[in-house]
């Protein structure tokens, strides 16, 4: 589904991603882990096209999307839930969801019921400005918004950050359900290992701009954690 | 120690300051001592022109201090410039004495022909230079203080602030247009004779005013550098970037903004005061909102948030205007307009961004040499 | 002079009156005949022409009215040949002989010259025509004739005539006017009773002449009862006038407000929604105004409809220019709002100079179609000018149309999303650059439409934009950036406040006061009348 | 090589708010210079125009003047429109001893050795116009409406004093000022309508400037005020302004000038033909300030020929008394006060944007620098020949102010 | 009657303090350093805080948990002066009425805050960020004319090490990653050395290891300072918690030790889940 081949990325002079490779099979749920600042968010932004890559290739669904614009990648089915949520603060909850409808191929103008079913709080707060919601509510809205565009690949950057425990659990369930029931491919960045273990089936450990270790979730042992994740 | 703080890591500023200092030394010599026939002679025309540019540069500097560093966009800074100018103009009017057209020893000409019987109260004192000098500082300063106090206290920011400053200068313009205001209406104040006893048209006086402008600009530059390199300067930058966060760090944002705004207004007032004797007229046109917008454009063209960029911008845009209006009198707005567009597109950091680019490409090559 | 005029009036009026009687009495044989008089119009001095006009009226010839009307309207021309022929121009290069209405061949006429008249002559002709019109078929024409009489002054001799005419008058409006006219004349009667009744009759009459005459009676009449009666009538007139003046002022304010609204509304999109400090907004209006002119030049015979062509044309032209500006410059500047100020300022200079180079620095004359001229006369003291009325309605229409676009279409939603968080909008599939171009084009197109409206009020020249740019920004900011309703309320309230201040402060000071009020108001509401609310707006 | 030509400065705004009026004057000057060069130039040399753009910016006027005089070394400047631009230029012209020909009607109260005022002083425009209204139209009530700046203020002051001296009561004069570019005239026009409906004949004397006129006349027309009811006499509305207005609603309103394009004289017809040919556009018009430049330029040429040099002092001495034909059939003369003699014409606006002359003064009127109706200036007199003074007080018999030095 | 309601000793009169930093020493003689009493806040009719009562003792470390939208951040907004409450009183010590003070006065008075979304001065370097946060006289004329003292510089270095950004001291704060910004903001809080620290979700986006370090840091601060921590990471809360308050729908739902709270069925229902 997603195939990243030796991409490099820079912020001005500083080299962030170094010849990075990553492969995410269709229908899997991969989790990127790594210390703060190793470039996880940067990698996701490269995939969504928000940061155009300098070299390397990104193959999505068999097509090379390296040069495609962000909006076109969204239209071909990449849903993105960014770190920090990035809700449209002055649009209502409903409008925040509606905005994604345009990227669906089918031209519906109705928000799928599934969204409200997954996140009942959004139904409740339908007419409030997105910016007024509490952090956790915004996180749910952000996931909902990404789902509205009916993605084939859902990218989530630390989706549990700032979320109350029972909702974290719910989100975990939602992700698994989407992955298992609907066959949605998921790429996730997550710091909380218990959550990651529960939700994902693959892990990718990043270190200084490279994927240093990868494997099935069960293979993520204490040794790796010690080596790559402790300070 | 202090000079180190002010000038190191300010190469561009040092360069600009050096050029101004050089001009201040060379121009008087080349104007007064070199005979007119010599190719090195600097004409009086050039002196007045440069003197005018120096005043504009000082005004631009004042704006850059608040806009570039504190993020306060004033679209009415021309008002403070004009007020300083009027204060100086009133002094110059009083110096005319009975040499006016109607020969009235007390009343300026425009009051005589409007049949005014006595000098309005606010004209008193302006016959004394010290008083006028005080007013040049106080009037813009106090107006800025009152205006700023109201606005900052109510947390008027961004475009809202920009627009009410524009309203301020617009209102002042309309008010000064009115003859009843007692500032000469649309014609303003003109026909000046002398300043501090020196004839205003004498070459030596012009050189004196030119020098005064140059020195004022250099001093103001150093003062601004002092502010922006101080701890207060960093607070000011933080206010620009995250005003509310600065509050939670315990800073009273309003008072920082207010003092900076007042200081900037005073600089603008001084610029106006130096400008008026050199161009020979002050009238309400100086309050025109368009002037203030143009001022913003100078700063942006030069490069905002660098101080010396403002000086570069004021000089280059005005020089361009002088040249274009002479060589392409019928189409000069095309190149000028194009200049503004291109600068924004190609040089987001303004003209001085060019220097930055140059330096960067040099320093990166240096870095690469290192292991 | 005035006396002469009055007696002539009367004479003609009587004549006109008699016309309705059997025609045997109509012709007065001693006068020179009509065709000779008409030809005389072509020569001689202005004062001689005045005499000729009187004589023509006195003939009561059936074409007298037509000829005088043509003279008044400037379509009476004479050839340069000898003897001069007097013609009426009935259309482009088609003429009829003035004296008998026969068509003439325009080809062998040579150059023709308009027969000039001046004000004195003009008012003389108007008076004469009014008298003839007293018995016109159209009630409106009759009413205007009576009103003309009132303003020319009614003397004792006219009373009988008016009273007689009134008996046959079918329209009650005309009857009322006739009553007022009679009473006005009777105010000067020597009979106390008549004066008293006249003063009573005039209660509430809104003709300005009536008020003046009553005032004289109230001040000077020898009878105290009549003075008191006149004063009562005056009071009733004044209280009515007061009400109408209030109405008038509100209308003036709303109408000024609608101009502000139109000039600000495009900016409310480009600046308010997109955040572009668009200094070239005024020039986009200018382009719209020039478009109106070009359309009128292209279709000189369609002036009546030209506005309907100009509105879509201006929308398209300004909109395209706007899109060009957006694609060419502004798209590189998102996230740097202040830089847009610099670039669009440059663009505004370029557009101004372009207008100067293309259309010359001179203003261009845009004509007012007939239906936009004149006013809707509600009563003699209160009328509403059509151009203002239509522009007010038009402004509201544009406003609601735009509101619908922004609120009801997906474009509106996308615009707001892009302006709030561009990268994220792209990440959910919004084609941000397309949305930007469309939105900027929309705002610019609306500016162009505003230009069409302005061309009906003010100069069409290179400086048009400059005159409105500052006010536009103020309106948008005062209303609260990003809130279209705010723009509406702000424009209308600024308009009305201005018009209520002007009478005692004067136009200049009123403007100064408005600005000061605005400054103080922003202290109370630092984000305008209708601020963006919520957490996001607070940071 | 430089000595081969005589340079003439043309100082008119080609951009900004005044471009609308001044650009034409720049073209006029270029035409006159070209014509003179065809005739063989001046003193055997070709004339070379130096055009600059002071951009409607008053301090820039001063800068450009200095540039023209000091850098370009022009021998005469033809320029300025607004009084404030003239005031800005004046000190520079005096300092550098240049020559300025100023072609626009103005408020008077000025006389400089270095400036020649070829436009009308108030006594050559305003006073005769009021006389006409008072005597011929029997106007009893007056609205003095103007833009809020010095020229209208001064003119209205003079007019108010004049009217009162003729027995007009104070309540019969309504004075109103509006800002530059005022565009919303609804209530002012409505006030005028009310003021004019008292039964006494009312007229508006308009010193409304520039762009404010179009909306003003439109409003008059739409509110149904016709020229027969309340005529408007304007001092700043000429053929050029009318060409930018749909003139239909204005027909019958008046203007007072010293020249109309419609005046049928041979000189004028030739001038118009020359202009239309030069500018290459049949629709262009001529106007009063153009005539003023025409007169001023010819006077300068004549004076230079008389003096045999372009030297300022010599030309200043030579030019007083020079007579040249104006375009309305008379001969204008440069007076010792540096103003000229001009006829005063009153015209009514016609549908085609031209004026129909309805009245004119018998002979030419001499321009008066200092108004006889203002307290401060009625004792002043300007005479650069005998007194060498621009403001001589006839009471104290002294030359007042700086020029006394 | 609200079971969580204590009472401030009303006999002591409120001081008309304009700038508490230079006023009287803080009176905490009755125990609590912070009194939040009957505070309500509503936004367009929506009650974000509803008669909230909260008392923080001097030197206490208090954890506050509660569902998303319970009003935790709003409570901090109210204490720090960002949001003005509709009703209720907030006292700092016995005498200082925080409702009368503006944000900067409250901050100077000794209440520091870390925001939920990390906010640092992006244009300034890491070092300068800490420099700005440094405690001391923050008036314009003072900062204009005085440099930092050597002592203050040492303190900054110390903090730089504590937050692990010593290498990045000259980097501009805007270029830090999310987690790094969190740390920097905590560093700024340390520089301010306030009496009360309000910390909103400090470990969001941190790895387990980093979370542990943060826990250590916060525990070490308690005692000298009063610390209020809002966090959803239950493991983290458990590791530092002494007393825990649960907010729900704008008021206190439960208060007590971690175990007490965890076993409270209401808390389980609305927050923890089964």
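The letters A, B, C, D and E name the chains in turn, as written, and every chain counts its residues from 1.
Operating definition for what follows: a residue touches a chain if its C-beta (ideal position, glycine included) is under 8 Å from a C-beta of that chain, and two chains touch if they have at least 3 such contacts.
Since the structure is predicted, the reported quantities are computational estimates derived from the model, not experimental observations.
Overall, the chain located most centrally, as judged by its C-alpha mean against the mean of all protein C-alpha atoms, is B.
Taking the mean of C-alpha positions as each chain's centre, the chain lying farthest from the centre of chain E is D.
Farthest chain from chain A, judged by C-alpha centroids: D.
Chain centres here are Cα means. That of chain A falls 75 Å from that of chain D. Note: centroid distance chain A to chain B, computed from Cα atoms, is 52 Å.
If you average the CA atoms of chain B and of chain E, the two centres end up 45 Å from each other.
Looking at chain E, one finds that residues 43 touch two or more other chains. Contact with two or more other chains is made by residues 174, 177-178, 244, 330, 333 of chain B. In chain A, the positions touching at least two other chains are 132.
Of all residues in chain E, those touching chain B in their complex are 21, 80, 82, 102-105, 107-108, 112-113, 115, 119-124, 128, 131-133, 138-141, 143-148, 188, 192. Residues 227, 230-232, 234-235, 237-238, 240-242, 244-253, 255-256, 259 of chain B are the ones touching chain E in the complex.
Contact residues on chain C toward chain B in their complex (touch as defined above): 277, 279, 329, 332-333, 336, 338-343, 345-350, 352-354, 357, 466, 470, 473-474, 477-478, 481, 508-509, 511-512, 515-516, 518-520, 522-524, 526-528, 538-539.
Chain contact summary for the complex, chain D toward chain C: residues 14-17, 19-20, 23-24, 137-138, 148, 176-179, 181-184, 186-188, 190-191, 194, 197-199, 211, 214-215, 218-219, 221-224, 226-229, 231, 240-241, 243-249, 251-252, 254, 348, 350-351, 356, 358. Residue ranges of chain B in contact with chain D, taken from their complex: 43-45, 48-49, 52, 96, 98-104, 110, 112-115, 174, 177-179, 185-188, 190-193, 201, 279-281, 283, 285-286, 321-322, 325-326, 329-330, 332-333.
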